[in-house]
Each structure stands twice: as structure tokens, then as C-alpha cells.
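Pasting a structure below so you can have a look.
Letters A, B and C name the chains as they come in the text, with residue numbers starting at 1 for each one.
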Amino acid sequence: MNELAAAVPWLGKRNPTAARWLILILAIAAPLIAWQFGRSWVRILDFALLYMMLALGLNLVVGFAGLLDLGYIAFYAVGAYTFAFLASPHFEVHLPFWLVLPLGAAFAALAGIMLGFPVLRLRGDYLAIVTLGFGEIVRIFMLNLNYPVNITNGPQGIGMIDPIVLFGWDLSQNLQITEDFAINSLFLYYYAFLACVAGSILFIRRLQISRVGRAWAAMREDELAAKAIGINTRNLKLLAFALGATFGGVAGCLFGAFQGFVSPESFSLMESIAVLTMVVFGGMGNIAGAVIGAFVLALLPEILRHIAVPLQQALFGHVLLDPEVLRMLLLSLAMILMMLLRPTGLIPARARYAHPENLHRSSQP
Amino acid sequence: MDAETLQQLINGLVIGSVYALIALGYTMVYGILGLINFAHGDVLMVGAMTALQTMLFLMGVAPGMSPVAMLTLALLVAIPVSMLIGYTMERLAYRRLRNAPRLAPLITAIGMSFLLQTLAMIIWGRNYHTFPQLISTTPLQPVEGVFVTPVQIVIIVVSALLMIGLTLLVNRSRIGRAMRATAENHRTASLMGVDTNAVIAFTFIIGAGLAAVAGVMYASNYGIAHYGMGFMPGLKAFTAAVLGGIGNLGGAMLGGIVLGLVESFGAGYIERLTFGFLNSSYQDIFAFIILGLVLIFRPTGLLGERVSDRA
Amino acid sequence: MKTLLEARGIGKRFGGLQALADVSLTIREGEVYGLIGPNGAGKTTFFNVLTGAYTPDGGAFAFDGGELPTGKPHRVVARGIARTFQNIRLFRELTALENVMAGHHIRTRAGIWGILTQNRHTREEERETTERAYELLRYVGIERFADTVSRHLSYGDQRRLEIARALATEPRLLALDEPAAGMNATETGRLKALIEQIRGDGVTVLLIEHDVKLVMGLCDRVAVLDFGRKIAEDVPAVVQRDEAVIKAYLGGGKHAH
């Protein structure tokens, strides 16, 4: 809990304890509040948590290590398709969740290393384009690998994917507490995802303030100087790609199981860009930024959808801008304006790469 | 050379010259600013869509107009509109980011690309539009079994003329000299009295104009246009620019043609090469694979970085 | 005295420019060794080849009784050679403390698993890294700026921080590339004291420097490079009177200060 809060330092300046409890209570109560507006809002929150995991993973690559990856969604796809292959009627394989999740993470990490090796020497902007190409290649294969052997089922995607089952407890079923009171499955998924996000934050925070996090920061700031102090930039880049991909892969598995259906459409370049915007919007290299960025940019389009559509109907009698267009407009403007007006992102706090508890010992002159 | 090979050679040359025209815009901007203008492909789309809009308007008001006049007028509208877009992007966004942290301009350019696509989606909708094929697409058969359409001939000729024109502009004119000086070193150029801001704006404008022509030709060839049509050719043209040696005008042209040929032959032979496992729907991955290979094994591209040619 | 570093016939060519030609020199343990020469003589190239930033076209280095790997900077650092840069290269957005802590990277071992579980070894190592970093900041005299983002430090303090960061790699040979460049007389004096202190603590120092007074006052031995060739190597007093050296400096149109 302390470490989680330390990852969000700007909240805890005046009254850290209160701020921590507030976050905890809000995180737990969020779906209850959302439920008041309709069950679809709980579902939106569930997706927001998945986006948080993606943003956290991409932030590790882009923000910590300074490697602009435009094909990140490919790892999400690897995770989701791994789950779909190993736990659905598609191949008539139904492996348990606890086995498929690490496999999905491992395959994604492997894909990350496969991408990492050839691009190690590339400069920032070239790297961006090559990773974009990688993402597109993965998508093209997903779209077309239904012929001559049907592997991915092409554009139709794979359906009827098994739900998450933890120790015989099926998250896709409402949890019956008493005769007439049950906890909706969407809540169960929410808390499962929340636990994953909390775990991710904890892990990433520990990485950030470790020797590895400092080495990434050094490499990002000045690669030549980083080499000159003995940092093996090749291995550290590969590690960043592999770990970032792992988060993408885990999120992908959760997505596949939650949605019950995967198709190439969910892994378009636009999704890579959306996750990147979340990271950029919140502030690159900043854990709190990635979380807030994902939360805001996953929710805002949905809020707009619910406000803008009826509003346009009332004003013009028909819908001028459909929700998908609104989302793209919002994301692209967020990206441009953020870079022009506030390139450090929403959360200006600079990240620490040393243990905070050790930092207070410096004597003042 | 058998008919099939010749056919693929022609197809490759046609699409390659379109890539080359777009690649010039990438390479000029990269040569001067070191920026990958990610939105360059979408300027192509703006050109094609504006031309489409103009043609539809002209067909309404002057149905009897000759196709050549109509196409010319459409270009005369599409080119300035695209140029305006190119100029606006530079002036409002990229110029402010010249001294920003290194990832900022690229992220902005990605945002620009998606903003242009979204705006186009709002104006023209999501649908594919039929693009009037004003130049005949009835194939001629110069050799038995080999087909070439008049529009394809026009594409090759127009591209060649524009490339010659641009080369002359950069190498012979005053503004061309200023462009080369700015590419060499901004500070020195401005100390020598070159208005580097104007030169950079001019570079964007010229690149956008070429992209508009490329867009109209691309749409004329395939007979369709839509909001996302600029993305793939944009990426491929970028690949062509890198393949030829980014920052190098001759390289962009060569890279475009080579990429066009690789794609054309690749699409023709991929099924045979992979024993039927991969078919021509994988055509788009050639560009990415080439891009990766070039960047890894020969990052300076085919022609290296000939400083004298940089613009 | 024992030999620490021996360069044998190092050559490096960039296109048509022979930046280093058959350079051989010997640095003894515990000395301050100066490398001087006119601009463009190949001093920094020698640093870059020594520290693995460039691969030499010919020749080899023997360090501390073994061959030194070429073209692999991290392995050179691991063997005990650290460097600073002519134009200071700090991790600008990191604090002074974090810069030095990053310098300790190569002497620490914690892996992903240790970091994830924060096991005892990892915590212990992290505590040592922090303590060692504070020590080094104190050593170079900028402890009070530990929490300052390094790009906000004064020029002289940035130089000192860069030296502290290099020392954090626990080198046996510290290679300084023009550490006094841009410093005033007072700052140069303090720098001289710092280098002497470093030598006193058993670290051999290789120094590229333009400030001839500093070199002559500080170095035990000096080598002179001109057009990529070594034209002299001896104690400062002898080198100063060497015909070829005087000619190189005057003939190149570059005056020694």
C-alpha cells in the first residue's frame, strides 16, 4: 500500500494517509457508483482497467526506457489469441486459466524479444516506424491465417472463449450470495482486474526505483554516457521490450477471457495509438500518469458517447459525429495539444529512480 | 522476358512512381528537419478527396466539360488545398517543436495523421467513394498478353516530369540553394542570410503539392478514394525514402521504383514461393520487411547519404 | 612501478583521415598520465577506442595483465576503466544522486526476481548503492546538491558530478577528457586538488588536457599526439623542451597557454 501510494506522490503531499485511503475507497467503490448509471458503465470500467495495464506496460517501454513503440498492441493480440487458441472450441482445447495466462505472457515476452533483437540499433524515430510495421505484420497475419490452414479464423475472429475460472470459481457467472442477492459478474471481473492493475503498479514501481529502472533512465537520457558507465544497453532494451510485452500479453489474456471473443479488429494501429496517447497524456515515464491517462481517455469517449449523441440528436435532429469519430478526434487532439502545450504530460511530478526513503538523508548546507 | 514478367514490371513501375513522388516529400522534410512527417501520407488523401469533391461539383455545373479540363481543374484545386494543409501543419505544430525533446515532434506528427483522417471522416464519411476515372482505363495491348492502361502511362509520364522539375528546382534555383544550405546547417544558413523558416515552410508546401498529385493519380488508377487511403502509401513511401537513403532526392525516386517492383513481383510470386501458404493478401508486408532489413543492415540506404544532393 | 595499461600499435581511420596511427604507450599503476596535443591530434579518438566506443583498426590494449575487449564499452568498464566526456554528458533529468547511483550499476547484481520480491540481497545492495553515492558526492564536494536535477548544477559542479559518476563504477583507471575546459583559475585549482586526491586513493588517472600548466603541474608523465601519432612520451619537464613537440604546437598554429 505504501509503495502504491509512493507511485502517486503528488496526491500524498499534505495528508498522505488520507489520500491513500481515499484512493483505495474510490477504487473499490467505483463500480458501485458506475452501477447507478447502468451496467454498461461497469463494463466500461472493466475495460478501463485493461487499458491501464496496457498503458503501464507501454509506459515501461516508452517512458522508462525511451523506446517509442507504435506496435505495442501486437503483444495484446498475442496474449488474446494465445488464450483464444488454448481455451475455446476453435481447436477444441480448453486449458485452465492458470496455465494459459503464463503461456500468454511468455509468448508475448518472446514476441517482444523477437521484435527487440533486430531493432536494437535503431534511433528513436526509425524504431517507431519499424515497431509500427511489426504491429501491422501481426495484424495482417491474424487477418489472413485462415487459409490454407485455418489458424486464426481470419477477420471473423474466434468466439466462445472460456471465461476466467479461478479455483473452480467462474467469474462470468453472477455470484449468488443469498436467495435474492447476487454479485454481478462484471463486478467480479472488475475486482480481478483491479488486483492485476495493483500488482502491476507494485511491480513496475519496484522496477522503477531499482538498478534496472535507473539504468533505463540513464539509457533514455544519454545512451552513449550510459554505455560509458558500463550499462549493457542491448540487454536492457531487450528486457524493456520483453517486460513491456509481458504486461501486454497478460492484459490480452484477460481481454480474451472477459470479452469471450477476439478478432483482428480489436488490435488495429488505432489501438496502439490510443494506448500511446494515454501514456503521453498522463506523462511519459510516470506511473501515476499512465494510470490517470488510461482512466481519463478510456472513460471520456464513453461519456462523450452518452452525452454527445443525444445532444446532437436534440440539436440537429440527427447524429453528425458518431462516437467512434469523436473518440479519434479526442485522441488525436489530446496527442497534439499535449505535445505542444504540456509535453511532460498531465502529471508534472518527476519520477524518482532512487528509493524515496533514502532520499531524505541528504544534509542541507 | 515473358509476358507475365513484363506485366509485373509495368505494374511495379506505375505504383513505384507514385511511391517515389510521395517519398520525395518525406525525404525533403527529413533532410531539413530530421522529422518523419507521419502525416504526409494523409496529405495525399486530402489531395485526392479535394479533387474528387471538385470533380463532382464540376460534373454538376458543367456536365459537358472535357475530361482533361476537368482533371486539370481538379488538380488546380487539390494542389493548393494540400499545400495549405502542409503549411498549416508546419506553422502551427512542427515549428514550435523544433527544440522540443526528441520524441515530441514524431508523436505530434502521428497525432496530425490521425487528426487529418478523422476530419476527412467527418467531412466525407467512412465510405469508399468511386473516383471518376477521367483518363481511359481501357487496357491497350502493346505486346501479346501484356496490358497497360492510358492512366498508367499518364502516371509514369507525369511522375517523371515532376521529378525532373523538382531536381532542377533544388539544384538550379535560388530557393533550391537555400534549401540545400538549410539542410546542411540551419544556423550557418541563417547567418548567411537565408530565411530558414521560409525555406522550411516552402519545403512542406512543395512536398504537399507533390503528394496531392500523387493522391489524384493513385485514386485515378484504382478508381476509389476514402479517408484512410493515404496511410498505407504513406508508410510505403517512407520505406522507399529510407530504402533509397533518406534525405537524398535521387534515393527517394530510386527507392520508390525499387519498392514498387518488389511489391509487384512479390505479389506475383509469393504464392509459389511459399507453396501456397501465403497469398497476395500479404502484399503489404513486403514494405515493412524491406524497411526492417534496410534499417538493420544498411541504414544509409541504397545511395548512402550524398550530402550534395540533400534538400 | 607496475604497468596498468599498455596500448600496442593502436590505429583508427575514418574514411580518408588517419585519426590514430600506431600509437603505443604505457601507463603505470598509481600515476597521473597526461595525453596532450593540438586540436584534432586524436586524443579523444584514443579515449573512444580505449573505452570501447570505437573498435580500433589495429593494435590491442593490455590492462592489468590481460587483453582488453574492444568495441564493448560495458565490458571495458567492468574491467575497471571509467571515463568522462569533453562536453559533459550527464543524465540531465536525473538528480545528482541518481546519476551517481546509476554509475554503480555495473557493480550490482540484483535481477528481476530480486527486484520483484525485494529480497534481502536486493535491499542490501540498494542501501549500499545509496550510501556509496552519498559518499562519492561528498568526496567531490557536492553532497548538498544530491537532490538537485543535474542540469541545474553549475558548470563546475557538473564536471565534478561526472567524475563522481565515473568513480561509482569503481575504476582502477579514470580517464578524464579535458576536465578543466571552461573552468576559471579557482575552479581549476580545486579540480587539481581533486585529481590529486583521487590518485592518492589509489586510482590511476589518464588525463587529456589543453591547460598546459595543469598538465605540467599534475602529471607524472606525458605523451604528445600530433596527427594521430605519438611524437613524445616522458616526464613533463623533458616533453616541454622537446623540439618536435614545440614544432607541433607552434606549427599547427595552436599555442600552448
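Here is the rule we go by: a contact is a pair of C-beta atoms (placed from the backbone, for glycine too) under 8 Å apart; a residue touches a chain by one contact, two chains touch by 3 or more.
Keep in mind that what you see is a predicted model, and the values were worked out from it rather than measured.
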item: Chains touching both subunit A and subunit C, listed by label; value: none
item: Maximum centroid distance from subunit B, chain identifier (CA atoms); value: C
item: Centre-most chain, if every chain is reduced to its averaged C-alpha atoms; value: A
item: Centre-of-Cα separation between subunit C and subunit A, whole angstrom; value: 43
item: Centre-of-Cα separation between subunit B and subunit A, whole angstrom; value: 34
item: Averaged-CA centre spacing for the pair subunit C and subunit B, given as whole angstrom; value: 49
item: Sites on subunit A touched by subunit C in the complex; value: 203, 206-207, 210-212, 214-215, 217-218, 221-222, 224-233, 239, 243, 350, 352-355, 358-359, 361-365
item: Partner subunit B, residues of subunit A touching it in the complex; value: 62, 66, 68, 70, 118-119, 121-122, 124-126, 128-130, 132-134, 136-137, 140, 143-144, 147-148, 270, 273, 276-277, 280, 284, 320-321, 325, 328-329, 331-336, 339-340, 343
item: Contact set on subunit C toward subunit A in their complex; value: 51-53, 73-74, 76-78, 82-83, 85, 89-95, 97-98, 101-106, 108, 110, 112, 115-116, 118, 122, 125-127, 129-130, 134, 143-144, 146-147, 149, 165-166, 168-169
item: Complex contact set, residues of subunit B against subunit A; value: 35-36, 93, 96-97, 100-108, 110-115, 117-119, 121-122, 235, 238, 242, 276-279, 281-282, 284-285, 287-289, 291-292, 295-296, 299
